[in-house]
Amino acid sequence: MTIKAINSRNQFKGIIKRIKRGDVVSEVEVDTGAGVITSVITTSSLDDLGLKPGFEVIALFKSTEVALASFSKV
Amino acid sequence: MTIKAINSRNQFKGIIKRIKRGDVVSEVEVDTGAGVITSVITTSSLDDLGLKPGFEVIALFKSTEVALASFSKV
Amino acid sequence: MTIKAINSRNQFKGIIKRIKRGDVVSEVEVDTGAGVITSVITTSSLDDLGLKPGFEVIALFKSTEVALASFSKV
Amino acid sequence: MTIKAINSRNQFKGIIKRIKRGDVVSEVEVDTGAGVITSVITTSSLDDLGLKPGFEVIALFKSTEVALASFSKV
Amino acid sequence: MTIKAINSRNQFKGIIKRIKRGDVVSEVEVDTGAGVITSVITTSSLDDLGLKPGFEVIALFKSTEVALASFSKV
Amino acid sequence: MTIKAINSRNQFKGIIKRIKRGDVVSEVEVDTGAGVITSVITTSSLDDLGLKPGFEVIALFKSTEVALASFSKV
């Protein structure tokens, strides 16, 4: 079975830069064209997918999870 | 009061490209220069912040919201 | 490009039973054969994926999104 | 006080199969009719609810947290 | 069946102050006596639970969904 | 650069009461006027923001993350 498409509006391809492995969850930094995206996933998933620094992945997040902030330059 | 920093690991500056206004929630597309990030926020917030196309904003999302996918090039 | 695997621990195959289309987001009910999973996605995504009742899909959600409740039978 | 109903569209009853205890968060696998649902909750909550393998619980998640993927059988 | 306890660390009792009904999702403002908590739930859930202004409810959210910001008073 | 406003409907000012530090994520309890709000953030963010017990912070969470429950007093 192959996944053709996922509804998540936000999908960014990148290379895993760093993995901080934890007992239950792990922090994964992905270097994408838009900058570094940080993900926290279960360590079980990390091992199931066999993710390692240097691997190419897609970082996905739903639009309902994205907040917006306005800012001033000073 | 001014917010100095937010813990969300993922913060991307960009320009609002498009707003699809809805009765309760609205979809906002932010062009970060290296990819478009889509956010869904309440229309009340959209109006409170006075967000319009062309405005500069920061798109924020927590690392626990980011999933990772491995893929093959074929 | 084909997605091989996604980290989300929770992946359930099912048939789309009902779609309630909205201006910005839409509600999609997926019958997994052992229970209905409801998803709310952007209507843009619904159209991009061309989802319709009768289509087979996978419903995915991260483990950090799942709460647990204890209950009594009375 | 007793909770009568919760808005979360997705509620699945099941038996706790496995608990992977962590310092701050713990991973709980729940065997439901629809398959195994994995939850990550704080270890404080795990202890407050006194959850143990063999206990019956309800796994709850909001519909906005559910993504959908289309797939091909090859 | 009665729900005894839910793992969500954050549970706040309050009175529904205002409901902004939408086609697919609705915005519900809950006055907790020490601040208003806003929730967006599916309109289907709103109707299933029969929620109306003046009703007493509990607003629940997982700790992984809460971001923290530091700020300065000027 | 200073953040002027964030769209999250739910923003509660409070004092950090307790921090349970973990290898990848940490649990932070914030005493707000509305009661204690618990947040789980990455330990990297905890250190970047230099958060400590006694510090004043704002707890933020999106309305789409808030579930509602009806209850009976017995």
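All chains are identified by letter, namely A, B, C, D, E and F, in their written order; residue positions are counted from 1 within each chain.
Basically, a residue touches a chain if its C-beta (ideal position, glycine included) is under 8 Å from a C-beta of that chain, and two chains touch if they have at least 3 such contacts.
Since the structure is predicted, the reported quantities are computational estimates derived from the model, not experimental observations.
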Far-end chain from subunit D, centres as C-alpha averages: B
Maximum centroid distance from subunit A, chain identifier (CA atoms): E
Copies subunit E and subunit D - interface residue numbers shared by over half, same or different: same
Subunit B-subunit F separation of Cα centroids, rounded to whole Å: 20
For subunit B paired with subunit D, centre-to-centre distance based on mean C-alpha positions, whole Å: 28
Between subunit D and subunit C, distance of the C-alpha-averaged centres to the nearest whole Å: 16
Interchain centroid distance [CA atoms averaged], subunit A/subunit D, Å: 22
Residue numbers of subunit F (touch at least two other chains): 2-9, 22-23, 25, 27, 38-42, 44-45, 49, 51, 58, 60, 62-65, 67-71
Subunit A to subunit D touching residues, read off their complex: 1-8, 22-25, 42, 44, 60, 62, 64
Interfacial residue positions of subunit E with respect to subunit F in the complex: 3, 6, 8-10, 12, 27-28, 30, 32-35, 37-41, 45, 49-51, 55-71
List of subunit B residues in touch with subunit C within their complex: 20-23, 25-27, 38, 40, 64-65, 67-74
